[in-house]
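Note that the chains are named A, B, C, D, E and F in the order they appear, and that numbering of residues resets to 1 at the start of each chain.
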């Protein structure tokens, strides 16, 4: 694959891009054409389709992966594509990692691990609820697998939400095995669902920004509502199980000022809050050190999400 | 009506009480009998039913209004009723104001006023939603009309929730007429629904205490969920209207530390928060001055819900 | 009227400007001349008076409205006026709205409304005090009518203080009619006086900046002092009425951290604080939406005076 | 002088007391008599005047020092005085220290020291202001010399305000001699006036409680107002000096939450705040250690005015 | 073993007690005797040694376990021991669990587990430091094994400090295995040492109260100092390793207001803080539910160390 | 002395500079040479040593004061030194004030004053401790005398730490003379030692930045540790004196959020905190007014270390 950053004037290319935007326009002479914005992980480039009705020009839309056949021109000192053919690419023809930030962990493997965790939940109602979300609702599964866990703070990449969910569930699993006070089925179910409404709070990649519902309602309340609605559709789901699960989700930020409308009243809600903090803060450090790998052992400045503390990686003397 | 506080030993009485509790017991000799706790607004008294199987002893349960025929005895220096007959009283036979703290405003008149406010909401979706709650759902209407607005802080009496709701809507109406920036239909609808889930947060009178759902979820989140579910059952209710209404409910406490998971992002949410504060704080003062009417012009001590400030009523010199 | 932004080189103009500054200078040849800075709402322009002693050059000073007869020249690529005649303009010859940001409400009408509100205060002492400030003290009336209610946050325009004062009094009037616990005469008097010392906290337009007294003492304390002094000059003004009115002013910001040295101890002080918040916050939204009228329905970013919340106007779907 | 704690039944006494209260009453037989409450520093005792019209019973009232001739009786196991003669005592006949908590420092000496500090202020306006308060206004001088500096926290005794004022002025004097950045005349004047309105905030001994003005306005704002009024009565007192002095008083608590409506903007305001803290906190420790002199070297528990810290006196090993 | 709560008047007993206090006294006749306070886990009892010089009366002191031979008498309606013989008991003759609150985990097993964790630390310097504390310093080992982790909040029993230390190390082990960003040797070493100075902050059982050093310096600073001193005695211990370990200890409370003078700047310090919170909060819940085992599923009231939240255990419906 | 800012191309100079950096390099032709960065208080200049092995080129290193003989050349429009001779200068040949920001007070005089304060401490253990630090440990004395008291906030110059230490000790001396509750020897010793670890927290001038130990441990904890170690090396130093002194150092910032792990529990700790605030805040004002001497009487804007208050110097009217 040749990347956008490597294109030269006069070249003829045939590559797959992610389409970030498309719109119709009209030339001064009244002729219709199309403006297309294409990107890969090295940058983005504008393209023109001067003959939209040509047979090589298939239907496509924003956020499709498209295979483009084009010439590279120069317009006002900027490279531009003159597009001859365009068609939607099929899954498998491209690797999303070439277009968007993606989790370092394999998406399919993470999903398999998720299914295994679900299987370990023995309570029939919680198990049914988890399958309803993560197996039966295919649209949700797709959004969940592609969603980030945050805009920028941590896990801000495709698969980030699933990776974070598994990380939190892992800590919860450790805690429930070592502290018998915890109800494992409730805790694991809450861990898997705690951020599920981030699929609604953020718009899909490549935008990955707050949606209107995200701004006005937030993932905490929407997550509680999703759980409430799903439980009401499961035969015989006990009210008290539903309420306790919703409470864990509502309280999982642990403090009012972080947007939780209730503080943890159940030990599982508190454990979930701690597990969430463990995974997110360790990931913040991990990403920060990776982004500054050349500064090993140096101070990296004050970090907003780490109490405005000046941080640095551990120095290991020889 | 003769009140509990006026009973004398040896009297024979036939009065209607509110039954606060009932339980079965067995005498030392193995004979079954019943303990009943009865109250009116002047106090409460224990009663014994020594012959539970008598024909005059009808079925009844906790929180029923019951007509009791009994003798007043003395047991260990305490008055007690020896109950001969007991039956559930019908609505109309008694005046709840004799048994429970009630709003100074007439319940029927307040409900009429509520319906008039609903009529003034012209938006068809919001109007339909309000009718769904306050007209069509009879069980909800009954709970709403009898509910308090709080356990103790303000409006802690039967009809208190309706009185507070009308007070808030009144301020909102004034504001929307004087500040054109406000969308009146959204604001009035939000005002009428803002505390609707207090019908779930509190158990019914005479208990009037936090329910499990109240403790674990709270009326803010439950209110948003009620609105969400009702809107989903109304044909053609636009998503954006639903989300904006839910936002107003979620943000109406104005601050994270008061349990709002979102701060007001819409001008209507902010106006609702201010109207809510106006009505509740003025009612706190009103109730406090009434409860201390003999201390007019004196200092009443620090009040927790008024910033721990030492307060007093205004002194008007002649 | 032709505005500064429309002047062209070589034109001869005769217009009224607001004089923002004037100073004497001496040419290299020892000849005295004057530099004048003139503005209208479209911008400002420098002028030169080369013959200060000409008969057409009247006395005038900074902040006067002046009628200027001049030629438009070009100096270093910048337009400049060569002033032939200048004289102070009379009230009525010009419309301040052409020179400074002004309230959308008519100044005379607002003042009439203010007088009507004063008439509605029946308590003779409070009524006398209000007349002393708003009728008898002409210098104060003039400053009050021209003052803004803030430097930038809200009502930052000529007439803004009067508009805000009327808005607050309006809410207080509504509250006192609906909540009998309130002493209307005290509350309305406090509403009309609550920001009166903003006439001292801010320097007059066009500067409209904090004065030294504003920085060192603030309008809250100065307002209390003004009320105290005025009351002491009114025959028989009862001490307790004076103290209660001063308390309302001192406590009207509602919290220590907003500069109130006392928290509301009287119900009228608390009502004033709420009414102040209603009018100022609704005005903040109103001005913000007007300034962003092209972004209807979009998010406007975090706003410092609205709890750093991301706000937007309501979206009204069809 | 024989003290109340030493009275025995059957004794005849003639002593001076502070009259804490007096009221008329009527016996079952319709005969009028008087109840009098008398105190000295060892306790208090009730007295009866059975013949209010006797020639030996002079006029007197609450808070007078009275010479009483009486018999000590026993009534219901409690000692009581049967009062035969009573008259108001003259200043000089008694030592207030025998009746009320008083400063360990001599009142006349402190006042002399105060006058010396005033003499050291060379600025003619500030000097005139200080003399107006502390020399010319005899009623104020009397109240000032007898006032406490607080209800209970520190210096809660007769002369406490003067002792505290001198302590603060002493620290200010040290600072102004060692830090040339300070304007000594402004700082010393502010130190002497900073708590002057405590004479209005507290009612006189033996009550020593918050007055209505104290509750509603507070000594900070009243002190600023007193300074403003006094300055306005001094010929040629420059506005800027008045404003700066008022600012120092307004800001001397250093933080909004301690009731200062302005934070220190002048270096003298900040120095005054620090000197005030030095003197008051060291006095808190001094009084606490004296009150617990038997616990030398032990922990004294958490103290509210010392950050809720567990405190103790230094242990000095041999 | 017969417990104090089961003693009856007239019995002759021979049991082992913990001696809580002992003092000499003299009878009215000038005869010397001894007062002894004895306790077991069921209560405490006073004893008298009337013949201190008898051969059966061995030397012993406060906090010894003593075997006592005595008669049970009644004195002023209170049981009392007339002690005939007393001697210090040997370890092994008694089970501390009968005298003091002890950890539910076996002390020897926990210590073995601790040694195994130490062995897993491969860094030679950290390993040497841990052995210096937990193996070589026998006095410290003894104090550490018997110390609680807190006065009352959590782990307030013998062995509590060791149990908490292992719990924290367990979470740290899980995290270091799952988050490669962590330096395991540093983290585990910090986990084992983080509360080591609680052995100095608390006096030994049965007192278990804050020592003077605990009040004045605290376990955080003393722990850092202990690590610093120990490292300085180990040949070739690198400065940077010492500083990083001290930082983890100083920062392990995570916030200034919890007494940490530094916020976590190293990822290991942050992980230690989270692990500490996990173990201590889950233990708080565990102990609270055990203490209220009869209230399963009920609300237990607001808990100070859980954000003043009303908490309860999970209800598991059948 | 000719300063860097005055150098002209072509000049031959021989001056003493502070060497800020030195490194070896190799020309394109493989010839070794040296780059040297030199500074005085007027700026800095690059120098080249083309013949590092010449006899005139002595050994020297970073942070040495060096006498340089060189020609001033122009390279790429920038002045540069072609260095012919270089040698380390001896103390006395140069005045550090020409190279670095220095205290306005003479260093030797301050040190003499320090010794006099030490002599006034009569307690033999505290006196010995002070001599150990400030007389016997010559390396520490040197660092202490050259250290600043802060990076930028106040006393950010050579000698600043000593000047601040004396200022704090001065206030403490005044307080201990006027408030007998204070133990002078403890307080003065604490004052002299309170910031002693700033010698470790900051790297030496000209860098004067946080060291790693400063970032990870801080001067509060390191100061406590230094005192603890020194006391342990003094024969017979009582534990309680050591602990109390360490407590004063740990608590001297007065609040958790300023990095004190303990709040003042001893009156001397509280006095030290107040004295520290007096000296540092007055110095902040002093330096701020000096840096803005041309703005006398103007507002200087909000200052972060003065509560974000807008400050200005006192206006002294004539």
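Here, contacts are C-beta pairs under 8 Å (C-beta built on N, C-alpha and C of every residue); 3 or more make two chains touch, one makes a residue touch a chain.
For clarity, every value in this text was computed on a predicted model and none was experimentally measured.
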item	value
Centroid-based (C-alpha) most distant chain relative to chain F	B
When chain B is superposed on chain C by its C-alpha atoms, the rotation angle in degrees, nearest 5	180
Centroid spacing, where centroids are CA-atom means, of chain D and chain F in whole angstrom	47
CA centroid of chain B to CA centroid of chain E, Å	50
Geometric centre distance via CA averages, chain F-chain B, whole Å	68
Residue list for chain F, restricted to those that touch at least two other chains	215, 240, 244, 265-266, 310
Parts of chain E lying in touch with chain A, wherever the complex brings them together	167, 170-171, 174-175, 178-183, 186, 238, 240-241, 244, 255, 263-268, 270-271, 274, 277-278, 281-282, 285-286, 289, 306-307, 309-317
Complex contacts: residues of chain A adjacent to chain B	212-213, 215-218, 220-221, 224-225, 228-229, 240, 243-244, 246-247, 250, 256-262, 265-266
